[in-house]
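Going in written order, the chains are labelled A, B, C, D, E and F, and every chain counts its residues from 1.
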Amino acid sequence: MEPINEAISIMFVGMITVFFILFLIVGIGNVIIRLSNKYLPEEVAIIKVKKSNEPSNNTYAAIAAAIDIATKGKGKVTNIKKL
Amino acid sequence: MEPINEAISIMFVGMITVFFILFLIVGIGNVIIRLSNKYLPEEVAIIKVKKSNEPSNNTYAAIAAAIDIATKGKGKVTNIKKL
Amino acid sequence: MEPINEAISIMFVGMITVFFILFLIVGIGNVIIRLSNKYLPEEVAIIKVKKSNEPSNNTYAAIAAAIDIATKGKGKVTNIKKL
Amino acid sequence: MEDILSKLYDMTALGGFSFQVALMWIIAFVLLYLGIKKGYEPLLLVPIAFGVLLANFPGGGMGIVPAENIALEGGRYKNLFEIAHEYGIMNYLYYGLIKTGFLPPIIFMGVGALTDFGPMLRNLKLAMFGAAAQIGIFSVLLVAVLLGFTLKEAASLGIIGGADGPTAIYTTIKLAPHLLGPIAIAAYSYMALVPVIIPLVANLLMTKKEFKINMRQMDKEYPPKHSIKNIKAVKIIFPIVLGCVTAIFVPSSVPLLGMLLFGNLVKEIGSATFRLADAATGAIMNTATIFLGLSVGATMTAEVFLSPKTLGIVVGGFIAFAISIAGGIVAVKIYNLFAKKKINPLVGATGLSAVPMASRVANEMALKHDSTNHILQYCMASNISGVIGSAVAAGVLISFLS
Amino acid sequence: MEDILSKLYDMTALGGFSFQVALMWIIAFVLLYLGIKKGYEPLLLVPIAFGVLLANFPGGGMGIVPAENIALEGGRYKNLFEIAHEYGIMNYLYYGLIKTGFLPPIIFMGVGALTDFGPMLRNLKLAMFGAAAQIGIFSVLLVAVLLGFTLKEAASLGIIGGADGPTAIYTTIKLAPHLLGPIAIAAYSYMALVPVIIPLVANLLMTKKEFKINMRQMDKEYPPKHSIKNIKAVKIIFPIVLGCVTAIFVPSSVPLLGMLLFGNLVKEIGSATFRLADAATGAIMNTATIFLGLSVGATMTAEVFLSPKTLGIVVGGFIAFAISIAGGIVAVKIYNLFAKKKINPLVGATGLSAVPMASRVANEMALKHDSTNHILQYCMASNISGVIGSAVAAGVLISFLS
Amino acid sequence: MEDILSKLYDMTALGGFSFQVALMWIIAFVLLYLGIKKGYEPLLLVPIAFGVLLANFPGGGMGIVPAENIALEGGRYKNLFEIAHEYGIMNYLYYGLIKTGFLPPIIFMGVGALTDFGPMLRNLKLAMFGAAAQIGIFSVLLVAVLLGFTLKEAASLGIIGGADGPTAIYTTIKLAPHLLGPIAIAAYSYMALVPVIIPLVANLLMTKKEFKINMRQMDKEYPPKHSIKNIKAVKIIFPIVLGCVTAIFVPSSVPLLGMLLFGNLVKEIGSATFRLADAATGAIMNTATIFLGLSVGATMTAEVFLSPKTLGIVVGGFIAFAISIAGGIVAVKIYNLFAKKKINPLVGATGLSAVPMASRVANEMALKHDSTNHILQYCMASNISGVIGSAVAAGVLISFLS
C-alpha cells in the first residue's frame, strides 16, 4: 500500500477508534453512576466538631491554616490538647 | 534420597536450626543487656525547659501539638522566638 | 615514558589546569556580576505586610516560627485567614 | 615542555568545538531562558535544556549515541553494563530507562495520581469533544507523509498534537526514536504556549455570541438527569472499568493508560493506599522527570538535531496543535446546530488536553466576554478526556506502525 | 473499507479474549474488592490485583513471560534491554527487580527501619515461641510432597506459614518462581485474615483459664532479674550482633536478615542517620511496593494461574497458618507444664509473625476474657521473633533446595 | 542422624570462617563505632561498615566478586540479570550502579542542590585558594609512584587529598576499582577527622599574628569594588556558564561537575523547579547513599582488603590531606607578601574542601585567637571552590590515565 493511502486509512481508523472509545466511556460512565446511585448508598462524611477543652477558636483556626500550609494540604488538625 | 525422606530431614534440620538460632538470640541478647548495664552508663535525656522570652504556655502547647501532627511526630519545637 | 616522569608531568599539567580553571571562574564570575548589575535590574523582593483581619501578631510570629521548624525552612506563612 | 602543552591541548575539548556545537549551545540557552525566565514548563524544559548542553560538550561523553552502536549481530543488543562502560552514564540512563519505554508510563502513573476524574464524571457528555480534538494528530500525519516523512516519523510528528508529553515521548520511542529530542521539545514548548495558541484559534473560529454561551445557565435551563450520589465509589470503580474497556479495543494503549489508571486508583482509594499515591506523585515522578528530561535532552547532539526534519517538526507540531483545537471547536459548533442545550465551543478547544492550562486559558477567555461565565469545570471534563483520547490515538498509531 | 474494518479488528484484543481470561478478570476484581472494600492488606493486594488485570488484557503485552523465554544457550540469559525490547516494561520490571531477588530484601530493609526490637528485648525469653510457630512451614512442606508437589514447590508453599510477605516472595523466587503469583496472594490474604484465623485456632486449643493468664500479674509475682538501663545502646548493638550470629549459622538468610537489621540499625542510631531510615521506609519502600505488587500480579496470566496447584496453594497456605499458630500455642502449654511463672498461650500464637496485627488480635482476645489483661507488649516479643524465625526457616529451605 | 548433622554443618558458614574474616569483622566494628559513637560521617561510614560486615559473612553471597568474574571473551561482559543470578543482589547493585560510574554523579547532583555559591560569588578572589589546596593530590601521586604503586593506583590514592567523597569514589572506579573500598573509607574518615587535621597543620605553619588577621576589618579598610545587585540572577547564570567553561577545558570532569551544576541550577531557580531539587536532595540522594555505602563496603572482602596497599592508602591519604591544607595556607602566605589587603591563611586551609566542616573548624580557630574574628563566610568561598578544584583535578587524572 502507498504510504499516503495508509496514512488516510490510519486517519479513518484512528478517529473512529477515538470516538468509539470515548463514546463507550460516556456510556459506561453513565451506567456506573446509575448503578452506584442505586446499589451503593451514599457514604456521608461526618465532620466532627470538637468544642470544649481546646485552645480558643482563633488560635485553633490560625494553627489549622498554618498546618494546611506546612503540609501542603496533606495534614489536618484532628485534635489539639491543652497540655 | 526419596523426596519424602528429604522433606522429613529438612523438617528436622529446619526446626532445630530455628530453635537454635532463637535460643542463641535470647542468650546473646541477655549478655548484651548485662554488659551494657555494667559498662555503658545510662544516658539520661535531659528535657530542657525554657521559660521566659517565649509565647504564653497555652500558645506554646497548641503549637507543639500542631507541629507534632504536621510532622507526624518527626519534628519537635526546640525554640519559639518572639520576633 | 617512565612512570615517575609521567607523574611529574601530570602534576604540572594538573596544577596548571586547576589554577587556570579557577582563574577563569573568578574572571567570568566577575563579568557575570558586572553585566547583571548593569543589565538585570535588581528584583526587589517585596515582603507583604498584612495587617487587619489576621490573628494577633504574637500568634502570627509564633506560628511562623513553628512552620519554619516544621518544614525545615522550606515553607513560609503566606497568609493566615481568620476562619 | 612542548609535550606537556600538546597533552594539555589533547585533554581539552578545543579540538572538538565547531559552529554546529555553538549553535546547539545557543539552542540550549534559549530553552533555559524560556524555562527559567518565561516559565515555559520549567520542570521539563530545564532538564531537557541542560541535557542538550551536556550532550554538546565535546569530549564530555554525555551525548546519546545512535541505536546502531548498541546493536549486535543476530538481533541482539549490548547489555546495560556494556553501554555504561562504553558510552557513559547518560547512555546508561537513556538505553535503560527511555529506549525501553519505561519512564513515560511511570510518569503517567504519577499523572494519574494527580488527576481528578470528578469534573469529567459530572459532565460525561462533554468527554466526546476530547475525541474530536485528536484530529490534529492524524491531519499532520497525512501532511507530513506528503512532505516526505516516513509513516513512522509522520506519526511521531502528528502525536505532538495530542498535547501530552509522556504520550508524545512514548509514541516517538516506539516509532521514530531518532526524532525524540525535537519532538519532546516541540510538545512541551507548545504546551507552554497554550495561552497563546488557544486564543489565536478560538478568536479565528468563534463568534462573540459563542464566547458568551453560559454553561451554568444552560444547566439551570436544562438540568442534568441524575446527580452522582456516591462520588467516591464512582471514582474508584471508574478507572478500573475504563482500563478494561480501552484495553479490549486498543491493547497497545495499555502501558500508558493502564499505569495512568493505576495511579488514579491508588489516589482515589484514599488513606489505605496513600503511601503508594504519595510515592507515585513524589519520589517516583520527580526522579523520572529529572532522568527523562536530561536524557531526552542528551539525544540532541548537533549531528542529530541540525537537520531539515527538525524544522518540519517545529512547524508541524504547531499546526497539529492548531488543528486539534480547531477540531474541538468545530465539533461543538456542529453539536450546537442540533441541540437545544448549547455548549460553549471553548469546551471543545480544551479537548486538546494540556491539562490543566488549557482549561484555565479557556475559562479566562470566557470570563473576559462575560464576567459571570465560569466554565472551568466544564472545560476540565473535555480536557481530561483529551488525555485519554490522545493515549488511544497513540495506541492506534503504535499498533498499526510498529 | 473491508480492509479497514479487518485492520480495526486485528488491532483490538477481541480475538484473544477467552473464558480463562474472563475468569482472571473476575479474580482480579475479587482481589480489588478485598483490598479496597474489605481493607485486606491494600498496600499489596491492590497493586497485585491491578497487575493481574494488566497481565490479562490480551495484546497488552503486560503479562510476565515464562523464564524459558529469556534463557539462551550456554547458561546465558537475555539482557534487560532485550527483555524490555521484546516483552515490554512489565517483564523489564519483573526480570530486573523481582527475578533477581532484589526487591524483597529492599522491602525488608524498610520493615527493619519500622521495627522496634524493644518489646522483644524486654521479654527475651518469649522470643523462643517465635521458633515454635515455624512448625507450620515444615508440616505443610511434608504434606505437599506427599500430595505430589516437588520439594521446591512444597517448600515455597510451606513458607506461606511464615506469615511474612517478603520472606515468602523471596523464597519462592529462589525455589519455584512459577508459583510466585498465587503464593504471594495467599500469603498476603491470610495475613489479612489473621483476625479470623488466630481466634479460630486459639478457641479450639485454649481453655478459659489460659485466656485469663495475666502476664503483668506474673511479672509482679516473679519479677524479671534485670531491667535494661541503657535501652538505646542495647538497641544499636543488638541488630549488629544478631546479624553476625544468624549469618554464621544460616548464611543463606543474610540477604533478608542482613537488610532487615541494617534498616533497623540506621533507625536506632537516630538523627545522625535519619535521612537513610527515612528513605528506607519512605521513597524506597513505597516504590518497591508498587513495582513488586504490579509485577508479582502480572505473573498470573491465565495459563499459569488456572492450574490445580493454585488450589493446593490456597488450601495449603491456610493449613500452614493454622499449624503455625497451633505450634506456638502448644509450645506455651508445654512450657506452662514445667514453669511456675505461667505464660498466656496467646503469646505463642503470635509467634506466627504477621506483625503487628497478630499481636493486636491476641491482645483483644485476652481483653475480652479479662478487661485488665493487657498482653500487647508480650505478644510483640514473640511476634517480632517470628519474623526472624521465618527468615531463618527460609534460609534453611533455600540452602537445602536451591 | 549423622547425615543430618553433616548437612547442618554444611549449611552453616563455620567452614568458611578464618582469622582473616575475623579481622574484617573487627574492622567493620571499629568503623561502626567511629560512625555511630564518634559521629564520623555516619551517613556514609555506617552503610560502608555494614557492607563490610555483609561481605564477610562466609556463604552469605554478599561480597563483591572481582571484575574478572563478569568479563567474557571478545571484550563483552555478563549482563546485570546474569550477575544477579550468579553473584546475588549486592553484586547487582555494585555492577549496576557503582562500577558503571552512575551513583557518584547522582550524589553530586544532590550536593549541588545543597550548595550555595553565594559566599564564593561575594568573595570570588578567594576561590583561587581552592586551586592551591589541590597540591596534596599530585604530591601523593608522585610519592606513591616512587613507592611502587602503579600510576592509576597512585592517582586514586592521591585523589583522597581532594577531600571529597563522590569525586574520590568516581576517580577510583575509573582508574583502580580494586582499591575502591579502602580509598572510600580513607576519604570519608579523614573528612571526619578534619577538626583534628586542620588545627594540626595550621598550628604548625601559621603565626599568632596570622591567626588574628581580621577579614571583616580588611574589607572595611579596603572595600570591594562592586557589590552584587541581583544575587538571584547571578546565582542562576553562574552554574550554567561555569559548566560550559570547565567542560571546554576538562571534558572528563563533565559527569561530575555537570551534574553538580544541574543540581545547583534547579535549586537556584526556586519554586518552579522545587520538585526536582527536592527529589535530588531527598529521595535520590538518600537512596544513592544507602546503595553506594553498602556496595562500596561490600567490595572489602578479606582477600582484597588485607594487602600492604591498604596500609599505603591509609598513610598516603593522611599525607594528601595534610599537604593540601598546607598548600592552601602557604598560597595565602605568599599572596600576603605582595598584597596590602591581607588574607587569613585559614581561608587557604579550607581550600581543601570537606564542605562545610573545614570552614567551621577554621572559623572556630580564628575565634579562639580573636573572639570578634568571624571568617566563616570567607572560608566558605575557598571551601566551595575546593570542590570544583578537586573535580577538575579528577578530570585531569582520568583523562590522562584511563
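Just so it is clear, a residue touches a chain if its C-beta (ideal position, glycine included) is under 8 Å from a C-beta of that chain, and two chains touch if they have at least 3 such contacts.
The model shown is predicted, which means the values in this text are computed figures rather than measured ones.
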Item to check | Count of contact steps on the shortest path from chain C to chain F | outcome: 1
Checklist entry - Taking each chain's centre as the mean of its Cα atoms, which chain lies farthest from chain D? => result B
Checklist entry - Among the chain pairs A-E, A-D or B-F, which one reproduces the interface of C-F, with more than half of its contact pairs identical by residue number? => result A-D
Item to check | Intercentroid distance (Cα basis), chain E paired with chain C, Å | outcome: 47
Checklist entry - In whole angstrom, how far does the Cα centroid of chain D sit from the Cα centroid of chain E? => result 39
Checklist entry - Measuring from the mean C-alpha position of chain C to the mean C-alpha position of chain D, what distance in angstrom results? => result 33
Item to check | Sequence positions of chain B contacting 2 or more other chains | outcome: 13, 17, 59, 63, 66, 70
Checklist entry - If you look at chain F, which of its residues touch at least two other chains? => result 7, 11, 79-80, 249-250, 282-283, 396, 400
Checklist entry - What part of chain A is in contact with chain D in the complex they form? => result 3-4, 6-8, 10-11, 13-15, 17-26, 28-30, 32-34, 36-37, 40-43
Checklist outcome for this item: Touching chain E in the complex, chain F uses residues 7, 11-14, 17, 25, 29, 32, 35-36, 39, 42-43, 46-47, 50, 53-54, 57-62, 79-82, 84-85, 88-89, 92, 282-283, 286-287, 289-290, 294
Next on the checklist: Show me the residue ranges of chain A that touch chain E in the complex, using the header's touch definition.
Outcome noted: 9, 12-13, 16-17
Next on the checklist: Using the touch definition from the top, list the residues of chain F that touch chain B in their complex.
Outcome noted: 3-4, 7-8, 11
Item to check | chain E partner contacts - residues on chain D that touch it in the complex | outcome: 70, 76-80, 83, 95-96, 99-102, 105, 109, 236, 240, 243-244, 247-252, 254-255, 258, 262, 265-266, 269, 272-273, 275-276, 278-280, 282-284, 396, 399-400
